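The block underneath contains the structure these notes are about, expressed in structure tokens.
To keep things simple, chains are lettered A, B, C and D as they appear, and every chain counts its residues starting from 1.
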Amino acid sequence: MRCENDVSKGLSKVKFIAFDFDGVFTDNRVIVSECGEESVLCSRSDGIGLERLREIGIQFAVLSTETNPVVLARCKKLGVPCYSGLSDKLSCLKIVIEQHGLELSEVAFVGNDINDLPCLRSVGFPVAVADAWDEVRSEARHVLKRAGGFGAVREFCDQLYFLNRRAFALENVQGSYE
Amino acid sequence: MRCENDVSKGLSKVKFIAFDFDGVFTDNRVIVSECGEESVLCSRSDGIGLERLREIGIQFAVLSTETNPVVLARCKKLGVPCYSGLSDKLSCLKIVIEQHGLELSEVAFVGNDINDLPCLRSVGFPVAVADAWDEVRSEARHVLKRAGGFGAVREFCDQLYFLNRRAFALENVQGSYE
Amino acid sequence: MRCENDVSKGLSKVKFIAFDFDGVFTDNRVIVSECGEESVLCSRSDGIGLERLREIGIQFAVLSTETNPVVLARCKKLGVPCYSGLSDKLSCLKIVIEQHGLELSEVAFVGNDINDLPCLRSVGFPVAVADAWDEVRSEARHVLKRAGGFGAVREFCDQLYFLNRRAFALENVQGSYE
Amino acid sequence: MRCENDVSKGLSKVKFIAFDFDGVFTDNRVIVSECGEESVLCSRSDGIGLERLREIGIQFAVLSTETNPVVLARCKKLGVPCYSGLSDKLSCLKIVIEQHGLELSEVAFVGNDINDLPCLRSVGFPVAVADAWDEVRSEARHVLKRAGGFGAVREFCDQLYFLNRRAFALENVQGSYE
């Protein structure tokens, strides 16, 4: 993890966020019922973070290897575009950001486990949740203070929100001198 | 957060409590099933706290932006009047306390996230749970020791209960000298 | 809480255990679904503790004020006699121990909240789980190290098991000198 | 628990892992619904660990005393052979490893509670999760840093994976000098 200044610089270039789902939107646990139905534990606070991203025009999506429909169920509620059941997240990510007319250098990826490494190594701003596995934390440019499912998504959204609001305010101040 | 003395003074004026739901009655997490059904994690201890409030005649209600019926389900069990799916909690709060013939200065609001700020800024006694977001904690007059879903509601009910029982006892002692 | 020696002396007289359910067999939380169905979080370890009690001939039951059938569901799995929906636990406890031909002085009660106080004050050996409310902890003769739902029941069963096994062993040693 | 060196030596001989289920793949808690349906809390991270074991050719199975079908449901998702409802785990283990043409000395058993002791005492490499009961920890040759349901399975799989990958690399280096 680099110094604070480097993190701010990296954050300021982010135009799109790709999130892993399990371990990022959840605490990486799964509730399994007798008949094999799966449920996950998410944080209500993440929804407000995503709303703030919409306010400042930053887009986002979820990319997950998980095949269970619970990923889609949560993303539908939050209004997050969701690509799940992926064997190759990076190929999907490349297609998605091309559709948005963006470069990988403008993308942040938030992950927690080794199946996120190809994406984390390819994007401009790789982010790990607080409780990511060591193999992942060591490759992230920014490690969040909060764990997945306990506000990690919200924390990252807030960081982008406050940075961009400030940037927007500075633009307007400079503009008034023109 | 002000000093202990200030908190007691503020508490003594409270005649009505408005509670946020998620993050106050719950740990702010939501369990999402494959078909998108939501469940929440609450504390059994809160029910006893609300019973104590009834004993001393303090009324209360839940105000939530959440649209999912799980809020109503929990409030029904606890016998708490519930207003959910609110886009504007403050407008609803004003109507509710007018119906009770009270002023905003006589109301405590217990919240945890930024959608509680308009209410917290308007009531006489703004309260935050222990794990409220910083933007909320900084605007609360009283920060509870317990986190939402782990007895925060009970803690606040108990504080009002013991204060009012003592006030009631003092009244009676003074009365006996008349 | 008294000294270790006093606890052992008290433990040695216990012939029957009455357990509160919520906060003792559970972490005092309740999962509430959209339609109001309730679920609770229990520890698998408690079952082995109860089996050990059966081995040394100590009987037990659950007494709960909770009306929801989830209490019965868990007790059925564990094979624990269960009295739930009680408005007055102490009256029920008196009837139950009379049926067993025992005295209140031979009973341990394990509780966590104020609705357990009448029972805790009446039995010979009042026990509180680690995360019991202060009003309850202060009236217990023995406070467990483990919290409800995280092995508190098992911890207490094990204490009785090892004490009684040792007592049984000592009896046999003395017997061999006769 | 022996020294690091001893652990590596023991690990290098492991050709088969037998896992207990509750408290190893789960946090030893069970969610009980009103109608007695059981669910358990597992970690998504364990699946990646088991995939790594497959990569290096180490086989595994789950042995559980639990009769509830939730054990089978989770094992089916993970693709782990599962023997549940066992009154005698050790007898089952002996049959299973004979079918694989292995000796008990080549087996690791990962457990958390006293019903795992007969297996732990019989295998070559007995392992306990971080939150195993003391009676179990004291008999393990290796105690994991992670608790059951929070990546204990993954941690152990990773240890075997990195050791065997290294062994494989060393073999190849030596081979190039021949």
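One rule holds for everything that comes next: contacts are C-beta pairs under 8 Å (C-beta built on N, C-alpha and C of every residue); 3 or more make two chains touch, one makes a residue touch a chain.
All of these numbers come straight from a predicted model, not from anything done at the bench.
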| item | value |
| --- | --- |
| Most widely separated chain from subunit A, with each centre as the mean of CA atoms | C |
| Copies subunit D and subunit C - interface residue numbers shared by over half, same or different | different |
| Superposition rotation for subunit A onto subunit B, Cα-based, multiple of 5° | 90 |
| Computed distance of Cα centres, subunit D from subunit C, in Å | 33 |
| Centre distance in Å when subunit A and subunit C are each reduced to the mean of their C-alpha atoms | 46 |
| Contacts with two or more other chains, residues of subunit D listed in rising order | 31, 38-39 |
| Arrangement of touching chains [line / ring / star / complete / other] | ring |
| Chains touching one another, given as label pairs in label order | A-B, A-D, B-C, C-D |
| Interface residues, subunit A side, partner subunit B - complex | 31, 37-45, 48, 68-70, 73-74, 76-77, 149-150 |
| In the complex with subunit C, residue positions of subunit D that touch it | 22-23, 26, 28-36, 38-39, 66, 113-115, 133 |
